[in-house]
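Just below sit the structures, each encoded as structure tokens.
Presented sequentially are two complexes of chain A, the first with chain B as partner and the second with chain C.
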Partner chain A sequence: MGSPCHFALFDLQPSFRLDLEQLAVRYRELARNVHPDRFADASEREQRLALEHSASLNEAYRTLKHAPSRARYLLALRGDELPLEVTVQDPDFLMQQMHWREELEDLQDSADLAGVAVFKRRLKVAQDELNESFAVCWDAPQRRTEAERLMRRMQFLDKLSHEVRQLEERLDD
Partner chain B sequence: MAYSEKVIDHYENPRNVGKMDAQDPDVGTGMVGAPACGDVMRLQIKVNEQGVIEDAKFKTYGCGSAIASSSLATEWMKGKTLDEAETIKNTQLAEELALPPVKIHCSVLAEDAIKAAVRDYKQKKGLL
Partner chain C sequence: MALLQIAEPGQSPQPHQRRLAVGIDLGTTNSLVAAVRSGLSETLADADGQVILPSAVRYHADRVEVGETARVAASGDPLNTVLSVKRLMGRGVEDVKQLGEQLPYRFVDGESHMPFIDTVQGPKSPVEVSADILKTLRQRAEASLGGELVGAVITVPAYFDEAQRQATKDAARLAGLSVLRLLNEPTAAAVAYGLDQQAEGVVAIYDLGGGTFDISILRLTGGVFEVLATGGDSALGGDDFDHAIAGWMIEQAGLSADLDPGAQRSLLQAACMAKEALTVNTSVDLSHGAWHGLLSREQFDALIEPMVQRSLKSCRRAVRDAGVGLEEIEAVVMVGGSTRVPRVRQAVAELFGREPLTDIDPDQVVAIGAAIQADTLAGNKRGEGEELLLLDVIPLSLGLETMGGLMEKVIPRNTTIPVARAQDFTTYKDGQTAMMIHVLQGERELISDCRSLARFELRGIPPMVAGAAKIRVTFQVDADGLLSVAARELASGVEASIQVKPSYGLTDGEIARMLRDSFQNAGDDKAARVLREQQVDAQRLLEAVEAALLADGERLLEAGERLAIEAQMQQLRELMEGSDGLAIEQQTKRLTQVTDAFAARRLDATVKAALAGRSLNEIEE
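Take a look at the complex of A and B:
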């Protein structure tokens, strides 16, 4: 884990609940300060430092902006470095995922844009619920297994929402 | 990224796609997923009294490599005993399909699905 922590770069305490608009504003401010253009006349060392700072700022922003990567990062901060790619056995949840994929396939076959909109809203509700559950349990040591399971579920739903967006684009054409 | 001919073949003509009744006492169901790519895989086996896998079915939502890995897994499992099926390794699936390194995890997922299906069946029969 690189130092300083991603949250510290933005003067924030590690937390899952985050004001994303505020984070974006802060990111733009900080990014301006280390923008290469500002260092055109600086020494080579200063230029290199600015570049490194800019890279870690981008990395931090990318990680914190998205709920699943923020969740994974928080668990890593707590000492649980979890690999990105694993096999998950969470039967009821996976069964539900399979049903949702089937539904999405049907929506694609029937080119049902209104149906996709309804699907999208339902997915958003599920994501919000999941985020809320994670927010209350991520820093409780006795609930680590649960926190990891929730983070994995977030990854699945994130991927699913990507596919919903792609389907929308295809149907829009 | 270019898929191998074998992957494309399994992707375009997947073997044994389908669903069995998960409540059937002779059916074992393995349900696994890969969160980062969002793949979901269901692999089912029907086992006869001699402990031989008579039939295998799968359904996979995921990339071509994940679909090909599970399709090939069902092909290989048919006619095998449970113990034989459990020895199928992801490296064998990956080699047969000529999966590139970045897609090895798809074959791992299929191996995990095989093991989960066998375990589910054994649990049902009180063999564990």
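Take a look at the complex of A and C:
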């Protein structure tokens, strides 16, 4: 079985703008139909098929509901070569990255939980803005290269938000 | 017999006997069994009206005693009485040493790495001890429901790793129970509350039992329970509160900490009673030997505060993992006897900013939820829209050892299951023809901090320069949370795979011996049992195919295909009248084969129909 396009699995057109609420509803509806629990009584083959369907559905949902992975998937669908790690030619953003990181280190040194909360809110705003820019860019075919650059930025902010969570965990100790 | 059975839409082709299935909460301190009767899920009592079965097993030379009498006898016969065996499930000898500063058993080595407890009946593995508890519950259920069980849903802490889950399944097998599903305890609790109260939104399940702590964050939407995150501590529970009190008593009474097993037991029992008394009273009198003392609730609260804080820390982490804010959590469900401790309730209320739910007995809520799920899985369908679906997650990350003794995560924790994921690796030496695949579980970077689940080797890689071979390793986790791993070199197609058999599971030899023993002890006739199992399997398949034909036969099968299936069904029905188990088994396989293509078509049709946002019935019209 080849793997069908994640969007097609949900009967959606490939697009960055996605009604997440609707996606969740669809996901639950589909999951309900293919989850192995529905086949507890069925033949072995049916159980195996259900397992496979369910696993690919979960994978598709995970990819689409998360903005950075959705952006990356869209670019990959279009056939762009997208190695995970590249040298990013984006000097403005590199500067900004450095600032973010320095701030995070300071927060760690001062064990400032309230400061982390503020940092998180700012990060969230930046992520929302970036998502919006990507969406605009994605709708305009002539701005392709830009789309990839924005996706890289999204990935970075995503990584940063993971680091913030790890920091929260360390400060919680 | 008529080949075609006619039934009204929505009805079973034959008046369907209700299939008996139970939910079992196999707990550290207490175990329970529950079933759905006349639409209501309730716990089942023994002949004396007791619902709770203490998870205590005492071995006599000629018999096994399970429950309250065994628990009471524990201080008199500590070596032959096993308490809190759940803490030993799926653990190696080394783990147990780390855990159990206060375990009064004599351990002996077995064939596997599992610790065996030396009793008057010979060495007993934790799996056998658990099986004895399960057997007692099975008998109780069969007596109470008046028939043989189709199967059981057994609950496990969400934090249980592969080894502990597998050990639980082994125990069920030994007890003659067919496991419909291993269900995470917090999820079971949510099932109990969700259906009774039609909850929607994000909820937290705080489950502090005798030996384990679990926190789960779930989203409930229209009968779908989506686990967003789980966390916890598999070595934190009410037993630790007892140990804290016992430690305090030892200190106050100036006793040596090196007590004999009997004294340890009676000290722990006194501590446990004191803990329970402190739920309602503000202080309690304690005595041990010549020593008398008074323990106030404030002192008790202070003793357990570090443990309470540990649990809250797990809560905060799970909430972060779930990607929700504390304020978004609309309900907190309390599970487990230890949540009766006032300080625990208070601390949880403070963290979440709301009073936790305690309407359903915290000792029974898990079994009640498990029974609801068991009833659904056994094929006793609920009405449209009431059907339950649990979307569970894996509690710990799964990964592989890579260069430098590092763990590379393949599936991160809290990923929804079932899941399949592949990762590509390459060779690091010229001409390398084999590769060791080391499967790990855990959150830490260094493999020495993770749990080793399995190792296997992929051989026969064609010699190439380093980095040229492409080896794809696929992890697949099923709905029970059990893992299988396969490796494949893409150019040559050589493959190797493993169903992860945790290192602390039982060896096949041990399982065979135990099954033999259990048959002998039960006076069971093995052949008859095997035949019965084959008949049950055959019947299940027949019912499934009948239902499938009724629903989709017309639409998805050519006339010839349908005739072929029906001929095989008829043959199976005839064989089932007889006693040739082998023939039944073979015919069951044959029927499975002829229905394979039909099964695949049905699943595809279901998916398409769901996509179109309509049910199958609507399409037919």
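FYI, the second predicted complex is superposed on the first by the 166 of 173 C-alpha atoms of A that agree within 3 Å, B and C clash if a C-alpha of one lies under 4 Å from a C-alpha of the other, contacts with A are read in each partner's own complex, and residues count from 1 in each chain.
Here is the rule we use: a contact is a pair of C-beta atoms (placed from the backbone, for glycine too) under 8 Å apart; a residue touches a chain by one contact, two chains touch by 3 or more.
Quick caveat: nothing in here was measured; it's all calculated off a predicted structure.
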Chain B versus chain C, judged by how many residues of chain A each one touches: C
Touching partner for A:89 - first (chain B), second (chain C), both, neither: first
Touched partner set for A:44, first chain B, second chain C, both or neither: second
First, second, both or neither for A:33, with chain B first and chain C second: second
Partner chain in contact with A:110 - chain B first, chain C second, else both or neither: neither
First (chain B), second (chain C), both or neither touched by A:15: neither
Partner chain in contact with A:145 - chain B first, chain C second, else both or neither: neither
On chain A, the residue positions that both chain B and chain C contact, one per complex: none
Chain A residues within the chain C interface of the complex: 10-11, 24, 28-38, 40-46, 49-56, 58-59, 61-62, 165, 168-169, 172-173
Complex contacts: residues of chain C adjacent to chain A: 180-181, 221-222, 224, 226, 313, 316-317, 320, 376-379, 387, 389-391, 415-421, 476, 478-479, 540-541, 543-545, 592, 595-596, 599-600, 602-603, 606-607, 609-613
Residue ranges of chain A in contact with chain B within the complex: 84-91, 94-95, 97-98, 101, 152-153, 155-156, 158-160, 162-163
Chain A-touching residues of chain B, taken from the complex the two chains share: 31-38, 40, 42, 59, 61, 105, 108-109, 112, 116
